Each structure stands twice: as structure tokens, then as C-alpha cells.
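In the two assemblies presented below, subunit A is common to both, partnered first by subunit B and then by subunit C.
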Partner chain A sequence: MNSLLTNSEGAGTYLKSKRIRLFLFFVGLFAAAALSMAATNYHIEDSFTAIPKVIVWMARNLVPDGKSLTRLPKILDKLFETVLMSVAASVSAAALSFPVALAGSATSCKQRWLMYSARGVASFFRNIPIVAWAMIFLLTFGQSPFTGYVALFFASFGFLARAFIEAIDETAAAPVEALRAAGGSYGHIIFQGVLPSVLPQMVSWVLYMIETNIRSAALVGLLTGSGIGFTFSIYYKSLQYQSASLVVITIVAVVLVIEAVSNKLRRLIL
Partner chain B sequence: MALLEVTSLTKYYGDTAALRDISFEVKKGEFVAVIGPSGSGKTTLIRCINRLIPASDGKIIFDKENILNLRGNALRKARAKIGMIFQHYNLVERLSVIENVLHGRLGYKSSLEGMFGVYSEEEKEKAFNIITLLGLDDYVYRRCDQLSGGQMQRVGIARALVQDPRMILCDEPISSLDPSSSKVIMDYLKKIQKEFGITVVVNLHQVDVAKKYAQRILGFNGGSLVFDDEPGELSKKQIYKIYGTEAGELIID
Partner chain C sequence: MTALIRNRRTGKIRVRKTQSSNLYMRGVLLVLAAITVYTLVTIDTKGADIAAASAKTAEYFWLMLTQPKAVPSHFGIQDGGGIGTFFSALHMLGITLALAFLTTLFGGIVALFLGVFAAGNLTNKKVSNGIKSFLAVVRAVPTVLWVLIFAIGAGLGSVAAVIGMSFHTISHLVKAYSESFEEIDEGVIEALRASGANWFQIVFQAVIPSSVSYILSWTFIRFEINFAVAVAMGAAAGAGGIGFQLFMAAGYFFDIREIGFITYLILAVSLIMEYLATRLKEKYHIHNGA
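On to the complex of A and B.
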């Protein structure tokens, strides 16, 4: 039947049916949103009219006052502890991730069963959200900074192992082949071929992990009673909103600073 | 005297045969070109010789040893005597020229020395001389990702030469290069064979280049060796046999 149509007619029908499908997709999307709102008794107009009230409340309760500023040194102290914990968790997780990634990459591991089990371990740890880790270890170790560290460690480990496997697969295959052909041993191939090829990407991922962990540490701290998250929850629960908001502002500031620093570092190493 | 003796070499990928019962000899100091269409088994052959790919059956006698029986350190020693040059150079591009060239010594290194890149004075001296020989002396400490394709391939040749190889295998060494860089690379390979007496086996896509440089040509089609003779014997009929009729016409014109 197509052969009876000219090319331009054929293309015209094709484009038209594509437009209709796109239109139906958006109609469906809006219908789904409307139905969900109706089912949950959510009135969008109420949310918008409430905005001015929210702003007034925020201005009255969330702008740090003099009293909260006297707590700044204490807050910064806790924040510093949190930053150190993120760095420690990220770096130690990276140290464990590297050998697992070597086992999990098809480039550096010729044993199929080992490769699949390493990949399985990495996926398992990566797919459990950090809050779930925090809650699991809360039951095991109780409320302590160590619990927070362990939660960050396991979540970072899964993520980094996965990222390192991809980095090795992507960049190291060619040098690995060359060093094998030259008679290099497994150790030579890893240290002289794989490591120099993937090191910049690995460092970049660890820096990213440190940034992410500082953000997550605030949340994990709420649960595990450590670091800046705990400080926030104390102020929040004792209704000292000015101090709680000061905590949030300092977290944002520190995350921005760390991001700027790690971007500088990234440019230096790449 | 045969340096390399391949007997009834067979390679299967699953059920498909990539090499069928291949037998040939390469004399010491010979320049051999391997030609054939894509998928005819050229790359598989080259990689079976140094065991980057395990062969399914047959014998590969190199320097009086059957390569297919070697394991561990004995295999490393045999590989050290065979240099290899790749289409995409296969350098550690973030490392400098000298570091990449010294990688050619890894086959002779103990595990720890090699892992941390500890090389002797003689080895460094040798690497410098070879780098100079290949006209790269201005780039010794330059990172390889800053070099042109032709320069990177010369680094690849230097890395193979520093191995003190008896034979060099080249897997389409000029397929990613422009004509003038291609000529430079082929001239270096010829020079290595002539002046150092190193055996060269090179996979090529260009029949004219194979005819110009090689002393012998092996022609592959569908995993079988269909031509094994001097370049002068490569007639139209033979080219048709290797490449099939249509592609053959293109090559001859």
C-alpha cells in the first residue's frame, strides 16, 4: 500500500500521526494529574493563595535573630564534624570500591562468576536508599556518630563501585590489551594501565560523593543523632525556628563552597 | 628457518568459525602482509598468535615453543618477544611518551618493579634512543593525548621496539591515519625489518600498500587462507578470490 503513495505523502502521514500521539500523551498526563488531585482532595488554588501567608510566617520565624547568631560557633563546629564525616565516608568507601570495581569490570576481570557477583554486590548496595541504611544501622548500633558514618559509607560504596566499573570499562580496555600483549602481569596491567587511565574520573566521582554526602549527612543526622542533622532536629523540636533556619543556611553555604572547591580541583586534574 | 609456524589453527566463536584450519610459516626477518575483507579472520589470526584470543585448536610454534601450551610466566616471556601495534594505538593517553614506551619493558619486570614503574638506567637509555630513532625526541615528556594520530602510532612502534622483539604483529596500523602519516608508519616498519632483522606481520586493508611493502602476502576469505605467495603472484584472479567479485573490481581499478 505504501508503494502507492509518493514519498512526500508518506512522510506527511508519518509526521501527522506522530503529532497526534504527542498531543494524546499530554492530554493523558493532564487527566492523570487532575484525577490524582480530585482523589486526594488537593486544591491547587488554595496552595497559591496561601503563598503570601507563608512568606509572612517565614519572615517572622525563619530569619535568624541575635540569639540564634550566638549559637553560630556551636553550629559551625557541628557542621565541620559533618564535613569531616562525609570526607571520611566517601574516601574509605572509594578505597573499598576500587577492588570491587576491578572485579566487576569486564576489562579487568576475566572470571565471569566473579564479575557478576561483584556487579551484584554493587547494585545491591546502590539500590538501598541512604535513609534505609540509616534506619537499619540505627537498630544495630543505636544513636551515635558511628551509625551516621556507616550509613554514608555503605550508600557511597554502592554508588562509587558502580561508577568505577563504568569508568574502567569505558577508558581502560585499549591500554589493558596493549600491556597484556607486551607481557605485563596482572599487577602491571592494573597499576600501569587501568589506574592511570581512570584516576581522574575516579577522583571526580569521589569529589561528587563528598558533596552529596554533606547534603545527605543532614538528613542521616536527623535519624542517627549525629552531626548537623541532629543539631537541626534539636532546635526544630524545641521550636527555636530561627536557630533551625540558621542551620539550614549554613548547610547551603558550606555545600556551595565545597562545590566550588571541588570544581576547581576537577579542572586541575582533568 | 621458520620463526613462526602455524599448523591447522582453528578458532570458533560459539558455532561460527573465524579461522578454519590455517597453516603457514613465517621466516625469520620476513615482512608479511595479511589481507582480506572485514570479518575474514585477519584480526583473530593476529590475536591468536600472542594469545590475546585463545585458539580453539591447532599449533602455533614461535621460536621453537608452542605458544598455545604456555601459561603464566612462560606466556609473559613469550609475549615479551612479540611486539604489537594497534589500529587505535592503545596507549595510556594520560601518560607521557616516555612512560608509554617504557611499558614495553613490563614483560621483563618483576611484579613490584613493574607495578610502581621502576626501570633501570639501561632501560631508560634504550627507550630514549628508540624515541629519537622514531623522531619523537621533542615530545619525550609530552602527554600522549596531545599528539597527532601519526605521532601516537610512532609511540606505539617505540613501545613494541623497546621489548627487543623477535617479531612485531601489527593490527591495521594505518587504518586510522591519513595517507602521508600512513606512509611514514609503513616506512618505519620496513626500516625495522631491514635494519634490525625483526620479523613483521601486518594486517592491511590496502592491497596496494601490501604489494609495495611485503615480501609475502597471506590472503584470507571467510576464515580460510586462500592465498600465500609473493606479491608478484597476486593476480586479478587471486584478488577476486580474496575479496569477492564486486569488491575485487573496485580494488583493481
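On to the complex of A and C.
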């Protein structure tokens, strides 16, 4: 995007070519948008009518009533299960990601083939859609909270491995170099050099993963019939929108609390 | 990491960052590990035989990776045609990409507008904090629930999907855009103000033009994320495209090899986008830190 202004060009032609490029950019954007709308049967006027309609509808129907409040204990129970599942998936995925990240970082791994294969594994697992994980485990493990946990575990593993690789690359180079120069063994380098310098960042990523997983758990739950996502889908499909709205409100509350706690912890750790 | 070197009374040299942050970290790790162990011990498997199911998963996974194959009739192709099936699958992939594109475009436009008001150096603190906390609430609702909520009003389909997916896009991009606006040298804005430029001139002639490359990179990074989101919404919220096909292959046809075929297609697109996004991040030193 950075246009170089050579001396032979005058400011006038520079501005002109910049304007032409801007024009072409918008034409391209517009064409792509038109094509996308045609492909997906998207009618832009529908979106303008839908938004006010949904807001009015939300104000009328997405308000918990007395009946839904009697279900609150049940909803909270499922939500608690979902939070535990998200934490467990994030932490256990982090435990598996760390050795992979050690192999995948240029700082801690000197064998190029090992480094590239570890990076490949991380990238591969990161990009397999969470839907594919959820559906495969639904077929093999059946409909249970454990299925939700395993799906979240694999989705988290790829993401964390990549994040850890980047963290090690960025922060561990200096201590590793120093230890290597001083004749430290591989164990010294990993446990005295890499681990202490990236641990705060890794914990921060795990906290982030927990937040993400609670939201993903809603999706995985819808697909695999577990946790809070399943609870929502039962109320939603049976048109009990008041109870469904209570589910949404409790999710929002829990996510905001967890976000606030992890931000606080992050400030204390980093 | 700046190490504080302090002499203790014993004469030992302490080479550590402040001790309290270390203590907190150990505490956090301990609590998280305890929750994990507790969860894994008490989790309800509904009587599934873990060992047998794991073996089955490995077998399925291997089948998926080594023998991907699509069934033409699942893709609406009647007679024979391997090429026809492939193009039909590409068309579905295109629909998913189109959903992601529209979401990113609409979300980006709204986010650009909100981002200006969320940047602390362009508006007052009240407006900026107001927008930021509103978006935190918006972000707390999972995307799939946004899509389903909008599906009640607009019907299941692309409109509900795009609007529903836009919420997290807006929230993410407002944060990214406003942070890049905030990085602009205060002196530049002051100089423009001193020479009589009004607020609109400052925003549209100085602030936005100078962060154009950041805006475009972040928007592309979000596009990459939105592709994955669009796949998921196709499966879970009736948004159509390749995600819906994946859901059908697994949930109705129980066809592992077809799951493999679809997964490979999705993987190909997301790996290309991941590569491009990584290049952009390196070029502009963007860290998507937690």
C-alpha cells in the first residue's frame, strides 16, 4: 500500500494515481460485495427491515418471566458444567501444546525438520473446523459432556500451540542464548530459560482460551447436545424464548465476570 | 524482562522479577490445574467406553485423512460426474466465503465509524468508554446465539447469518481500529487543530489515511476468522454453504470419507488465508496478543 514517490513524478500525478487506485479499490470492493450478495441470496433491504424488527421483538420476548426464573437453578447448573469443561479443555490442551511449541519454535529447537513438522501439526489442528471435531466425536463418544470437552480440547490445542510458538520465539531468545553460551544442558535451557520467560504469556493465553471456549461451548453444545448450548437449543426450538433469553443473560454475566477476573490476573502476572 | 538484582540480608543475590507476580502466577496455575483435575475426574461420559471410543476416533480420523471421497448425490449431482461434484463443493465453499466477506465488509464499515468514536484521542473519555463497555457486552453473547436470535426476526438464512456474525466482527475491529488511531502522534493532531482544521478534516484527512494499512491488515485478519465462523454457522445455524454440507455429511449421511473431503477443502482455504494473514502480521508487526 505504500506508494513510493519518485523524484521524476510530480505531486499532481502522484495524487492522480492515488485517486485512481482508490477508485479501483472501491469498484473492486463493490463488485465483490454484489457478487457475494448474489451468491448467498442476500437482500440488503431485508437487513434494514430485520434489524429494527428484531430489536422490537427482543424487547418484547427476550425478557425472562416467572416461569423461566424457576428454571434458573437448572440453567446455572449447566452453565457451571460448561465453565468447568472450558477450563479443563484449555488447561489440558495447554499441557499438550507446550512440548509441541518447544519443538516448533526456532529458539528452542535447532532441528529444522522437527520445527517445520511441529508447526505443520499446530497449523493443521488449528484450521480443522471445530464443527468437524464436534461431529466426529459425536459419532464415536455419543451425546455427553465428555464429547463437548474433547471437541474443545482439540480445537484449543492447535490454537494454543501456535500462540506458544510465537511467545517462545518472541521472548525466550535472549535467556536461551545466554544459557547455551554458558554451556547449559537442554534441560537447563528449557526449564531455566524458556519456561520462566514465557510462562506469564502462556498463562495469559490460557486465560484467553478459557473465555473463548465458554463462547465456543455454546456452539459445540448445540452440535453435540451438551452443556449450556444444548439447554439454549431446547428452549429455542420449543419456542420458549423467555427461558432462552435467561440462558443468554446468564452466559453474558459469566463471560463478563471471567473476562474481568482474567484481565485483573493478567495485570498481576505480566 | 528486567531483572531486579537486590542483595538479601543473607548475602544471596536475588535475580527475579518482583516476587509477587510469580506468586500470583503459581496461584493461578494451581487453581486452574485443580479445576481441570476435578472436572476430568467427575465429567459425565454417559457410559461411553473411552478406550474403545478413542480407538474408533483414531480409525475414523485416519479414514478421513487418507480416503477422502464425496458422494455426488449429496452435492446435488445426479449422474456420475466427479468434476461436477467438485464444482458443486467449490460453489458451497464460495457461499461460505461470500458470507464471511459480507460480514467483514458490513462489520468493517460500522467498526470504522464506531472506532473513531472509541479512540481516546479523538473523542472524550465518556464516549470512548461507553462504546467499549457496550461492545464488551455484545461480545459476551456467543456468535451462534446472535445468529439464532436474528433468525427469529429475519428467518434462517444469509441475512440472519451476516447480521449475527457482524456483532463480534464489529467488536473486534473497533478495538483494533481505535488502537491504531490512538497510536497516531498527538503532535500531528495538535498541529492540524492549530492550523484551523476541524474535527472531520482531522479524522478523514489525517487519522484514517495514515492508518489505512493497519485497517486493511486487521480487516483481512478478521476475514480469516470470519471464514471459520461462517463454516460453523452453516453447520449450527442454517447459514448454508460448506458448513451445512459438513453438518449433513456427519449428522445425516454418517459418511466419514465425505467429512474428510469437506475438511480438506476447508483446510485448503484456511491455510492459504492463514499464510496471507501471517505475512501481513509480520509486515506490520501486529501481535494478536491475549
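Here is the rule we go by: the second predicted complex is superposed on the first by the 235 of 270 C-alpha atoms of A that agree within 3 Å, B and C clash if a C-alpha of one lies under 4 Å from a C-alpha of the other, contacts with A are read in each partner's own complex, and residues count from 1 in each chain.
Assume a residue touches a chain if its C-beta (ideal position, glycine included) is under 8 Å from a C-beta of that chain, and two chains touch if they have at least 3 such contacts.
Bear in mind that the values here come from a model prediction, so they are computed numbers and not experimental data.
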(request) Could you tell me if A:60 is touching subunit B, subunit C, both of them or neither one (first, second, both, neither)? (result) neither
(request) In the overlay, work out which of subunit B or subunit C sits against more residues of subunit A. (result) C
(request) Using the touch definition from the top, say if A:74 reaches subunit B (first), subunit C (second), both or neither. (result) neither
(request) Kindly classify A:200 by the partners it touches after superposition: subunit B alone (first), subunit C alone (second), both, or neither? (result) both
(message) On the A-aligned overlay, A:182 touches which partner chain: subunit B = first, subunit C = second, or both, or neither?
(response) first
(message) Is A:138 touching anything from subunit B or subunit C once the two structures are fitted on A? First, second, both or neither.
(response) second
(message) Considering only the contact definition stated at the top, list the common interface residues of subunit A for subunit B and subunit C.
(response) 175, 197, 199-200
(request) Please give the residue numbers of subunit B that touch subunit A in the complex, ascending. (result) 50, 52, 75-80, 82-84, 86, 88-95, 103-104, 106-109, 111-112, 114-117, 156, 159-160, 163, 169
(request) Sort out for me which residues of subunit C touch subunit A in the complex. (result) 1, 20-21, 24-25, 28-29, 32-33, 35-36, 38-40, 43-46, 48, 50, 53-54, 56-57, 60-61, 64, 94-95, 97-99, 101-102, 105-106, 136-137, 139-145, 148-150, 152-154, 157-160, 162-163, 212-213, 216, 228, 231-232, 235-236, 240-241, 243, 246-247, 250-251, 254, 256, 259, 262-263, 266-267, 270-271, 274, 287, 289-290
(request) Would you mind writing out the residues of subunit A in touch with subunit B in their complex? (result) 174-175, 177-185, 187-188, 190-193, 196-197, 199-200
(request) Using the touch definition up top, name the residues of subunit A that touch subunit C in the complex. (result) 1-2, 29, 32-33, 35-37, 39-43, 46-47, 50-51, 53-54, 57-58, 62, 84-85, 87-88, 91-92, 123-124, 126-132, 135-147, 149, 163, 166, 171, 175, 197, 199-201, 203-208, 215-216, 218-219, 222-223, 229, 232, 236, 241, 248, 251-252, 255-256, 259, 265-266, 268-270
